[in-house]
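Across the two complexes that follow, chain A remains constant while its partner is chain B and subsequently chain C.
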Partner chain A sequence: MKREDKKTESRFFSRRDVLKGAFYGLASLAIPIGSADASVWDAFFQKHFREMNKDEVGAVIDRLEKEYYKKFGKKFDIKTTEAIPGTLFGYGLDLSRCIGCRRCVYACVRENNQSRDPQIHWITVLRFKQGKKWVNDLEEAEKYYYPGEVPEEGYFYMPVQCQQCENPPCVKVCPTQATWKEPDGIVVVDYNWCIGCRYCMAACPYGARRFNWGEPRIAREELNTNVHYLGNRPRYKGVVEKCTFCIQRTRGNPGRYPACVEICPVGARKFGNLLDPKSEIRYIIENKRVFRLKEDLNTQPKFFYFFAT
Partner chain B sequence: MTYARRLVLLIGLCVLFATLAVNNAYPGEEQEQTAATTRRKADPDMPKYVVPPPPLSEGIFPCSQCHEGMEPNPTRRELTFHTEISKGFNHAKEQRWCLDCHNPDDRDKLRLASGKLISFEESEYLCGQCHGTIFRDWKVGVHGKRTGYWNGRKVYRLCVHCHYPHWPKFQPLKPLPPPLKPDHIKYRKLSDDEIPRNPIGDISETVYKYEKRR
Partner chain C sequence: MFFLNPFINFFRVLKQVVKGGTWYYAWIGFLSFFILIGVAAYLKQLNHGLIETAMRDQVSWGFYIANFTFLVGVAAAAVYLVVPAYVYNFKPIKEVVLFGELLAATAIIMCVLFIMVDLGRPERVWHILPVIGKMHFPASLLAWDVLVLNGYLAINLFIPFYGLYKLAHGKEYNMQIIKPLIIISIPWAISIHTVTAFLYNGLPSRPFWNAAVLAPRFIASALCSGPALMLIIFQLVRKIYKLDIENKAIFKIAELIAYAMAVNLFLFMAEFFKEFYSNSIHLAPMKYLYFGLHGHYNLVPWMWASLFFNLTAFVLFLLPKTREHFFSLNLACVLVIAGVYIEKGMGLVVPGFIPGTLGEIYEYSPTMVERTITVGIWALGALIYTIFLKFMIPIYKGELRFVSRVKEQPDQT
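Then we have the complex of A and B:
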């Protein structure tokens, strides 16, 4: 009997230790409540972006603006502008004009706050030798070309970025629904919901998604503080990002052209509303030789490569 | 350590070169910046848009400064003034000479094949005489660079902003640097000064100058 009692007692003590441990553990978790870092707690319990009401979104934006101010010492203006009814964005890229100068790549980096170190580029310009097999598998693409001048004799160039598929495989595979297609056709990522599993990167047939392998670094004076929650706001280490057709610029009335459209020195890049029969993108689709990349995969890109001449 | 430093130096150099390249990319824009934009007159054929003034050579225009009172000479010859134009001239050279586009009597005007005189501000009508399909594409916004708003006011460029009329082939550019190979990713925390700078600055400063000057 006595022995038994002792046993129970010792077990009881050990259980108490466990409980104590658990209590202190919880207490340490709870510390942020009430302290200045309550935002950590809020961030942890943030709802899915599409399930939040206006006030909840507003609270998230306030929190993020404070967070960014603390981190970068700059005031950010984070928009959550919704899709304009009656718009479905489409993009055109004139392969007979592109000279492969990469102005678009770096205009995009600047506009969309891509990390400078580790380096992230949303646009990749591919170079192909004329007359070689190319469009099926992109196998002979060269992306590190760096001659003194472009265009080079005997080559042509094809920039690739997110194709904003109508049937996006990346959205299907995301286990947390951190990426989805908006009503205006833009596929977006919520960087506060992404867990960094990179399934979407494996699923994307265009290699358009980028992963933040390290803490993204941008020189303070180069930060663009005009941002959209679903677009170019600063990202975190361990999340996936990609082209959003410059959602922070294009969703407006009037809405600006994307940065890559405006920088392209040869005017190879075209953008507009696919639902507007008078838009230039519709003119291109109806009058020019147009193709979509890897059409046979049924991803239905809204990115149209064309040949104006 | 030395490797990291070398890498930083390399990136720095790339950025420097790229900046130089960008600065040289649009030689015409400097002068355009100082002039006001013009609004295209209502033309039922064309959407509403704005065109910046043409990149006229400083000190050369107005042509009448010198040509007033000079006897027009239509013969093909080596010019003694405008020498670089007559040397470099490469725009259907066999079929064309100065007065096919420049108006002989009032040199500050261009002349269409119909005899109609137009100003340098609307030179696209002159180009469009031969390049009809391109002109059509340009009008709908498919040929050439445009900036502005996809659902609002657009800023076009004249043909001559990108194609120098006397040798119109688009001039080659220095490309910006290629992406780094994935092995550049290292665990190292750069100081603010060490972070590579982007070779392209704020686009609102790079491309909106026409619109700001309204």
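Then we have the complex of A and C:
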């Protein structure tokens, strides 16, 4: 794989490259006059997700399912389940339990159809040396650690993902309203409306947003076909994506835990409804030592770090 | 056959643009070459995605946005000529205002192109527009930028085009139409750079940008680089087109650059002091720029060079002796342009992302594709400006006239 990249790199502009570029470039931009494939038109003129009525959403889902079938040869089930009234999702992460194994990272990748090449991870696990600076000053944080075994003596870990802020700076700055906060508190992206300006990535204080710098690639057999329009459906080149608390699972009936909560081998990850006084997440907030990342920025995350032991 | 006149006039302009000497064709050919390889590089980027650039999730904006920011400054600086020309009626500058306005319009066109090549989905750019798209106004500063930049472009195209259209018909332009536009163009010029500064400034996640001094510094540095670029252009125009531009105008503008640079350096000092004396964790980006951070020094030589350029140019512009000597004057212009290009370009955009919000340091340096596209856009800008001047100067000098609708034009032969 590496070698191939090198080859194309060394021939800066091969004629084939330029012609191919011209063809795809124009094909993606130009109007397909006389083309029988009307779906290119429909995709181009697709309205903002929140401005479509039920029929229009249905038509878009049909078209997308067809597109995905054509592209991946697999039947996708794209849901558009709305927020359940009376829910506001919150997340708890027990730092005293986390062992830094990164199972959550890869469970998330599989569940949410993140690109494998180039690699995209929604969860970043940071490693800190015990006794060193952390929380506010992340200068000593290590993102790239490769131990033979975890947990390691003398280190502790802090996974970071989208904090689902109540006051999300990314939503505020988006020039096209392609990202917004849903009634259940989840910040979502419409991958068909995002123009890829990446202003949200500059605004996010938690490094939670990912951009599809290249064409996302996933092996056919690894695709999760059980998807949500605002969540884990396959993405496009040139758009931003992020953690959605596994919207396709958590809004289900019966609902399921996010993949990262389910996989965690030490039970460090908790999830629940903040509006339900009897929920586990409420118990944690009311009874444990809880903090949120970068409180000074007043983003009001719904992601609570805590120490259970 | 009055209805034919616009076509005849169009062909007169076209003829004027197409016909030129050897040097003119050589210059057009030179620019076209870079535009073409820029287009080729862009098609490659369009095909493979922005992975062709060196930008990544850690440093998600780079060379394109850096050039955009610098050019907004160049565009804003047209006001520097407009104020003395129209408000104080300073005759020598008034005559060259036209070139400033055209430069502003060209710079905005280049700004729009730099944004377009930075987009992941350029075909969806209409989503940002009001009515047909879903513009996030007033919350998103990028929405504001779309409004002010396009408004500024319209003003700076309308004034020279209207004025020259009248002139081409052998008439005086109507001050009643021009004056209000000129008056609003002054705060509007300030606004384009303020909004662009606020675009960065409003992000508390990036401490380097989240400093109140950012917008004033933007304006101050823009008032250095923009006029410096114009001074060089005036001298070229004067030489090539045998146009009468007074030395007095040039020296006056040079003097104004010295004052703007004084303010810029002062504001820089204020920022430098605040960061280093407080020595808080938000010092990291500044430290990265001027001294390196954890063994990463990519921008350090550039930043010191920029500071050295700015200081030298300040002295050269300030002293009447060096200011009124064309060698030192032009040297100072080049130094200011280079100094501000570094400071307001890469020196502004990159440290916003280094260190990243989770403490990661990803050293960014543009790829060949990014550099080629950038050169292509600069070449296109130069081409647009060249074509503007090619047909506007003869109109301005009275050598090119349009066929008039009205017959009673005695001097029309």
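Throughout what follows, the second predicted complex is superposed on the first by the 273 of 309 C-alpha atoms of A that agree within 3 Å, B and C clash if a C-alpha of one lies under 4 Å from a C-alpha of the other, contacts with A are read in each partner's own complex, and residues count from 1 in each chain.
Note that a residue touches a chain if its C-beta (ideal position, glycine included) is under 8 Å from a C-beta of that chain, and two chains touch if they have at least 3 such contacts.
Computed from a predicted model, the values in this text were never measured in an experiment.
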item: Which superposed partner A:178 touches (first chain B, second chain C, both, neither); value: second
item: Which superposed partner A:270 touches (first chain B, second chain C, both, neither); value: first
item: Chain B versus chain C as contact partner of A:206, first or second or both or neither; value: second
item: Partner chain in contact with A:256 - chain B first, chain C second, else both or neither; value: first
item: Which superposed partner A:135 touches (first chain B, second chain C, both, neither); value: neither
item: Which of chain B and chain C A:196 touches, first, second, both or neither; value: second
item: Touched partner set for A:118, first chain B, second chain C, both or neither; value: both
item: First (chain B), second (chain C), both or neither touched by A:214; value: both
item: Which of chain B and chain C A:59 touches, first, second, both or neither; value: neither
item: Overlapping contact positions on chain A, where the chain C interface meets the chain B interface; value: 118, 124, 143, 213-215
item: In the complex, chain A residues that touch chain B; value: 92, 94, 99-103, 105-107, 109-111, 116-119, 121, 124, 143-151, 213-215, 217-220, 222, 224, 250, 252-257, 259, 261-267, 270-273, 279-280, 283-284, 288, 308
item: Chain A-touching residues of chain C, taken from the complex the two chains share; value: 37, 40-51, 53, 55-58, 60-61, 115, 118-125, 127-128, 133-136, 139-143, 146, 199-200, 202-206, 281, 284, 294, 352-353, 355-360, 368
item: Residues of chain A that touch chain C when the two form their complex; value: 12-13, 17-18, 20-22, 24-25, 28-29, 44, 48, 51, 118, 124, 126, 136-141, 143, 160, 169, 172-178, 193-199, 201-207, 209-215, 236-240, 297
item: Touching residues (chain side chain B, partner chain A) in the complex; value: 18, 22, 25-26, 137, 140-153, 157, 162, 170, 172-181, 184-185, 187, 189-190, 192, 195-203, 206-207
